[in-house]
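Paired with chain B in one complex and with chain C in the other, chain A is shared by the two complexes that follow.
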Partner chain A sequence: QKVSVEVLDHLEHLALVDFRDWEGVERLQKAIQFADQLQEVNTDGVEPMDSVLEDRCLYLREDDVTEGNCTKELLENAREKVEEYFVAPPGNIPLPKLEERETFLQGS
Partner chain B sequence: LAPWIPVVGLEIHAQISSNSKLFSGSQVQFAAPPNSLVSFFDASLPGTLPVLNRRCVEAAVMTGLALNCSINKKSLFDRKHYFYADLPAGYQITQQRVPIAVNGSLSYSLCIDNKMSQMVTKTVRIKQIQLEQDSGKSLHDDARSQTLVDLNRAGVGLMEVVMEPDMCCGEEAAAAVRELQLILQTLGSSQAVMAEGQLRVDANVSVHHPGEPYGVRTEVKNINSIRFLAKAVDYEIQRQIEELENGGIILNETRAYDSKLGCTVPMRDKEGKQDYRFMPEPNLPPLILYDAKSLPANMNHQQVINIDWIHERLPDLPRVRREKLVEQYGILPEHSFTLLNEDGLAEFFENVVKQTQMKPKKVIGWILNDLLSYLKEHSLTVKESPVSSFLLADLLNLLEKKEISSTAAKRVLAELWKGEGKTPLEIVKEQKLELLQDQKELEQICQEVIDGQEDE
Partner chain C sequence: VLKDGLRSQVSAALKEGRVTPTELCQRCLALIKSTKFLNAYITVAEETALKQAEESEERYKRGQPLGVLDGIPIAVKDNFNTAGIETTCASNMLKGYISPYNATVVQKLLDQGAVLLGKTNLDEFAMGSGSTDGVFGPVRNPWSYSKQYKEKSVPKSHSESRESNWVIAGGSSGGSAAAVSSFTCFAALGSDTGGSTRSPAAHCGVVGLKPTYGLISRHGLIPLVNSMDVPGILTRCVDDAAVLLGSLAGHDPKDSTTIQDDFKPFELPSLTDVSKLSVGIPKEYHAPGLSSEILALWSKAADLFKNAGAKVVEVSLPHTRYSIVCYHVLCTAEVASNMARFDGLEYGHRSDMKDSTESMYAATRREGFNDVVRGRILSGNYFLLKQNYEKYFVKAQKVRRLIANDFVKVFRGGVDILLTPTTLSDAAPYTEFIQEDNRTRSAQDDILTQAANMAGLPAINVPTALSERGLPVGLQFIGRSFQEKQLLTVAKWFEKQVQFPVIQLEEVKRHDNGVFQHQKSASFS
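Moving on, here comes the complex of A and B:
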């Protein structure tokens, strides 16, 4: 069962990944097949586990100020800055239309 | 034309009042230099991990208890993914599957026909309360086609309170939010000042005909005050009704309230239905809370949150405080409503009552009619009042002892507002406002007046 083009396009939008060629898509298909093996296990009457940490204690921190005040360091990572603000484009830049992308989906 | 039933639900984000953020130790403070209150975790630098702030959990438990919720002894954290410049990690840590509190209720009061004397109590169900991170702030610079990002707010703890669609108009929504605001401020779990972004409200609005299923709902954002909340909701209800009556349809969209134009407009940047790809937060185990029965024996008490302990220490909520004021001082319910609606007014009233012999039922008139209207006229808060409770009590004592008349008292009060530091007695003497008690003196004055008349 192949992953449909609609799903691939949806995934590209959500995760900003680019299934650039057939190899990338094949890898995705194989990964899904590998994970699908889980379906063979009988889990009737078993509570789902969503974290291997479920028996660990969630550590609670005291409400003290212990961090911050490192503006200069943080801004070193910024390509562009304006008076200690990070600079970003005016809004989310939408993924280019399918025709304009160099993606595997072009050929499908 | 068949009648329309409007349906209004609310999603309210209250910033938790704490020293540091939900998952990091950077400071929570309004209006600090940009990006100065940001830790490596807040900036989503690799190799950092979330560490839960105990105070934030306590704030959420307090709020849940005050809203009659069931507190989930086990709640979970999840990641909600979306891309935006002020969300450096590309996801928000929230509680989507099992939030900390569920199934509560909030009672609030409304005046019928704007008459304070006819108040009715309504209830709205609280679906849930969840802990989540706030995002940073985006400043849009349209001129230079760029957005400036300040992460000071990124990671601040929020309580999202979800109110079921039990409300039917702007007035109900506003009253419910006002009561929630008072509760949060009484608990201290949030300062809930809307102007500083500590309380943000999104409204979900739809309309339908009686007997038919609920209509398509729109989400209204960018509501910056309780007054605008009422206006935005009422506008949206009207817009939807008009649209449907003209044969149009309602889109399931997000709209922004424009306070200048008094209308809602579709929001850009919200393309269709978002897929947030919720997944469990892999770095945080479940949050376990205890009560008196389940308290573990050998745990470090700093690591244990006891719901019963918190419950025992809840302060009197506004509703209880109002009832106590009515009972203790014999004032009317609508009086206690106004007393609690103005920050500091109830304390002012009680201080005056303590310092005067005048009955509370009479004092309340001076507080609500004279003091409050003056403060409103000059846009002052109770704290900023040039007339202290001490001075007012002093004045009311003169009135009570019949040393001055009621009219004279109002004149003295007018003088006191100037805040020139004079005592009521000094003003009375200056303006010769003393009531004459001496019978002989009164007879003499009357005689002089009569004599004066005869001369003409």
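Moving on, here comes the complex of A and C:
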């Protein structure tokens, strides 16, 4: 069962990472095949495990401000900023559809 | 002095003034330079290290060292944040990223006066089992240049042997393992998600400890799989690992997944009587592909315990072979989530693309991540799709419980500790290793180490013997949750029995003799 181009395109949108070439797609196909082995295991009545520490309570500290005021340090690693803002290109513009995008999936 | 164990020898030497922190630091820095071909270090923090060494020296002069680690040169894997020092995760995504803070484990080491020599090389974002897939190139196993390996290999020509015969260091903490193995530092931090500390430890002939999940803080360790990652400890002997553990373990308010129990650092007793010990040999660890050499060694080790009076029993961990599949799904799923933070806005690489936020993110990630990382992100997203969630992600979480329960059953049945191989074979030559792709390699190589991460259990690699090719082979001990003292005590006993040989490296001999020409010491070999 091969993954459809629609799903591949959907994944590229979700992950914001591209397959780049057929090798990338093959890699996914093999990964799925590999993961399918899980179906051999009988998990009836078994609860999913989120964490090995599930029997303990997480530490929650008091809701008091104990640190901060590090705007300068935090902005230092950003490439584009203005005053105390990170600068991003315009949002609310969806990635172009498959036909209009420069992606290798277009050929398929 | 470079070959000394921390606790017994170097610390004493520093206290008595036989060697100064600055001398030690300088010698390690010089050795790093002359072993540059190993490519173990990405960043060498020469200036800050010397400054730390000087400060340590002042403390020793005043008779007020901060502890056993004061003045001791250490290295840290490049996926831990280190304030003021570049942290790259061996990826283009973080090239030039200067951390604004220290990871908790790094801070703890610095607070005790350790000297941070530099950041070590790894697979990009700790994804891999060879330390071959980072942007700064692969790490070379120091044993490739050892007398022991050279004697056993048959080079086709003199010039060819040094260049094409070298073997991998294992991964993903290969740089850290190589750094410790080649004496450029006394201990190094690695990380362990699927075996990334134990596997390179086995290939490089050093001790690699994976602590229980929740014992050591992950704050500042750039996450791969939040539910499995742990900081790893690499040292040349088990006693040193206990020292490091003592200074790193304990609750951290900045990492809510660290347990709140009090942790008391311990000294390891020298076990003489193992008759009350029950050692389990999990039969499923006789995995396909396990070399006959390692199988024989494993068997010999079991006999060693038996002959010393311990109870040695075969046990079963029936879901072992699904561990790697389970890991594959859970890891890629958590990776898909963890890598989402890299969008170019706040830190790291940023593409010049300006059309829209999404296209900038996409371009940044295309330019910043290598194939391995991108592959895992895409796989992870696939398994997390609504139509796949139950079938893959939740299913894997259920299988995880079964795997963890396998261990609980065995330990409840009276077994104190498990003995298994760490790797399927000794280190492969680089040219051979890269013929398979990263995912296949990881799937094959992590098979023996991965389950301990699934169950959150502590595990340690102890270098055991040299293979027929003259390369290190290690064996693994897996212990009960939070029972590091027992685990390390048994490991120390075993280490004493096997007397693993010291690596014979030209470069090290030159540096050791250079400074201490007039001294004869039992610590030189």
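Observations, loosely collected:
One rule holds for everything that comes next: the second predicted complex is superposed on the first by the 95 of 108 C-alpha atoms of A that agree within 3 Å, B and C clash if a C-alpha of one lies under 4 Å from a C-alpha of the other, contacts with A are read in each partner's own complex, and residues count from 1 in each chain.
The rule we apply is simple: a residue touches a chain if its C-beta (ideal position, glycine included) is under 8 Å from a C-beta of that chain, and two chains touch if they have at least 3 such contacts.
What you see is a predicted model; the values in this text were computed from it and never measured.
When the two complexes are overlaid on their common chain A, residue A:D18 makes contact with chain C while staying clear of chain B.
Of the two partner chains placed by superposition, only chain B is touched by A:V82; chain C is not.
Looking at the shared chain after the overlay, A:L95 reaches chain C, while chain B stays out of its contact range. Touch counts on chain A: comparing chain C and chain B, the chain ahead is C. Contact with both chain B and chain C is seen for A:C70 once the two complexes are overlaid on the shared chain. Within the superposed three-chain model, A:D50 lies in touch with chain B and with chain C [touch as defined at top].
In the overlay built on the shared chain, the residue A:L58 is in contact with chain B and with chain C.
Of the two partner chains placed by the overlay, only chain C lies in contact with A:Q39; chain B stays clear of it. On chain A, the patch touched by chain B and the patch touched by chain C overlap at residues 10, 14, 16, 50-51, 53, 56, 58-61, 70, 74, 77, 86, 88-91, 94.
Chain A contributes residues 3, 7, 10-12, 14-20, 23-24, 27-28, 30-32, 34-35, 37-41, 43, 46-53, 56, 58-61, 70, 73-74, 76-80, 86, 88-91, 93-96 to its touches with chain C in the complex.
Taken together, the chain A residues at the contact with chain B in this complex read 10, 14, 16, 50-51, 53-71, 74-75, 77, 82-92, 94. Interface of chain B with chain A (complex): residues 18-20, 24-27, 33-41, 43, 45, 51-57, 76, 81, 83-85, 138-142, 145-151, 268-269, 271, 275, 277, 280, 282, 284-288, 302-303, 305.
Listed in rising order, the residues of chain C touching chain A in the complex are 97-98, 100-101, 213-214, 227, 251, 253, 256-260, 319, 322, 325-326, 328-329, 332, 336, 343-348, 350, 353-362, 365-366, 369, 371, 374-375, 377-379, 381-383, 385, 391-392, 394-402, 404, 437, 439, 443, 455-456, 481.
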